[in-house]
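Order as written gives the chain letters A, B and C; numbering starts at 1 within each chain.
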Amino acid sequence: MKDTLKTIRETKPLIHHITNWVTIYECANMTRAFGALPVMAHAPEECADMTKISSALVLNIGTLTSEIIDSMLLSAAAANEKKIPVVLDAVGVGATKFRDEMAAKILGSVHIDIIKGNYSEIAKLAGENEETKGVEATSINADPEKVAKAFAKAESCIVVMTGKEDIISDGNRTFIVKNGHELMGSIVGTGCMAASIIGSFASVNPDYCDAAKDALCYFGVAGELAAAKSNGPGSFKVYLYDEVFNLSDEKVKSMRNVEER
Amino acid sequence: MKDTLKTIRETKPLIHHITNWVTIYECANMTRAFGALPVMAHAPEECADMTKISSALVLNIGTLTSEIIDSMLLSAAAANEKKIPVVLDAVGVGATKFRDEMAAKILGSVHIDIIKGNYSEIAKLAGENEETKGVEATSINADPEKVAKAFAKAESCIVVMTGKEDIISDGNRTFIVKNGHELMGSIVGTGCMAASIIGSFASVNPDYCDAAKDALCYFGVAGELAAAKSNGPGSFKVYLYDEVFNLSDEKVKSMRNVEER
Amino acid sequence: MKDTLKTIRETKPLIHHITNWVTIYECANMTRAFGALPVMAHAPEECADMTKISSALVLNIGTLTSEIIDSMLLSAAAANEKKIPVVLDAVGVGATKFRDEMAAKILGSVHIDIIKGNYSEIAKLAGENEETKGVEATSINADPEKVAKAFAKAESCIVVMTGKEDIISDGNRTFIVKNGHELMGSIVGTGCMAASIIGSFASVNPDYCDAAKDALCYFGVAGELAAAKSNGPGSFKVYLYDEVFNLSDEKVKSMRNVEER
């Protein structure tokens, strides 16, 4: 495992987000806690210019509109040209026809380097016949590892399926990250934060599969450490930020819980 | 009193919000802390579809635009058709002509099941001649209980007036909820959170007057418990989330402070 | 030094914000913690009306769009006419051409009473040839005090440059505020909060240079007190709100660290 956290803190990569209005602060704040620099900019007049000075682009369709999707396409095209990683957090895919169509439009128009979602969102994106309840993780009927692997191959990208265990696949290698704690699901935004962290890690590690896997380990370890001190979602969020801030590559090396399949 | 909290945690109802950009995260996070599933979606292309898979709709005009109002009308019509409860938080009514007009437009176009506001907002909505200072609760000249009761009757809905004491009326029954703590007013968003909680309770209790009254008891009890440990608004917000998460129907039964008039 | 905090808490001025979607909650919540009343309203149909009942206007271009800029111009014109202070937080100026143009459009169309930014943002606004990395404070080549002083003279306004040391100038008087703590930079939004606090102080103190200087002292003192108890950005933010809430004019008088040059 590389000393990615050290690299992020030394190089302070700029992570451009076009994201949802619910967790936008938490995404920015968590990016900062890891040592990277968040920037949020969605105006069509400037979004591509902002991407051009950034080291990664994180897209999240949680509160999408057709105008926001247009801005995402402008920025993703700029990111593709600059060859910086583009992360798509497919929030709520499967919940409405509009979300499904807009996600398909993104995947059909630009190259996404890392597609992230919960089990049902990724299954739906991959064409499996699954139901989504709002924007929440649910179990799926299909074998999630097979779905991740096949979808990664089909899209020539990294697929990240988050849940009790996180699955990361590039179509050949598949990792299962078992770090994390159920309290992470007790607050809104940990999924969105994970996309920001993946973007931050991928901005300094050209092996995006490795970067995504590491990002979830680091975040999961911080979650475990925070949960041990917490009495509920209020104190958990406070400790989560403190633990991320005080995380080190060494600490994560000793606590990571990853399996390669 | 029903074991509503237990029911929410077991059934995890989806609570669709079209709300303001200031407290959107806190509304989602508090909904989650109570055990329901928040979803925020305002695009006109999908908002009605999202309502159709939800168990309640919460509207909040805190940072309204005419486009957002149009989406609210689409979603409220879908909610009316599906017969799920619609909560309107009339934030800032009385502060500008535009707010007054848009609130009137909503009330004239769709059926709102529960109208919530502070004393001056409800008085203004009800046609009383009152002044609002920005979006803040202020005392009013009229008798608030009479205003609530008459307005509930006129609109065939539940009226919730929040303040030092909360007034809930269906036009016949009127409840006064005395739970709560002044520190709840020291942070931004507790009023908006209350609307989310009312929506969550009404999603599993067809007696909306009872649901609204219970929601404010539960939230008020959590506020009292949190305040006892707090040194200011920072720690209060942390404890508030922890206390909500650790709340039980039994705890609230022993601490509720409600009067029926 | 005036007892400005006491005055804010007694008069509860309404502070109208048209701001970014990232830190909008934190701006509102910090305004409240100081004792003022925040209101956020950006619809073109009502923004000027909201300004007319307010005591200060705070503009922040962090997630600007051309529509938001139009609303800012409407509100700033209303504020100019009412002679209430207008604060502009020039977030990200220098990062994209669009931001530079929009900031120039604001400065060319309405009178800004207090222009705030980090060293590189103000230098860029003032026509210095500097580079901005996203929306983050960076050191500049020019002498920051000279830049602040000259720019304040040119624009007939107060210039606030924030950084390790804050510089406040009206073109004649220049203050250096040394209060504050590096943990303030570990969370997103302290810069935006500072603009809200400056607006709150200027709403009750017609000497805007004095108000801006005081605002940064008060906030910096709270930051120092909070930092002494914190283990990272999570706990720091909690303590920061508690310390602001428990601040007094006397406490700040004994801890302020300001130099006049």
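For the reader, a short list of remarks on this structure follows.
Keep this in mind: a residue touches a chain if its C-beta (ideal position, glycine included) is under 8 Å from a C-beta of that chain, and two chains touch if they have at least 3 such contacts.
Since the model is a prediction, treat every value here as computed from it, not as a measurement.
Taken as a graph of touching chains, this assembly is complete, with every chain in contact with every other.
Interface note: chain A and chain B, two copies of one sequence, contact each other through mostly non-matching residue numbers (shared numbers fall below half of all numbers used).
With centres taken as mean Cα positions, chain B sits 32 Å from chain A. Among the residues of chain C, those touching two or more other chains are numbered 21, 25, 237-238.
Of all residues in chain A, only 20-23, 25-26, 62-66, 92, 95-99, 133-136, 186-189, 230-235, 237-238 touch chain B in the complex they form. Put simply, chain C touches chain B in their complex at residues 12, 14, 21, 24-25, 28-29, 32-33, 37-43, 45-46, 49-50, 53-54, 237-246.
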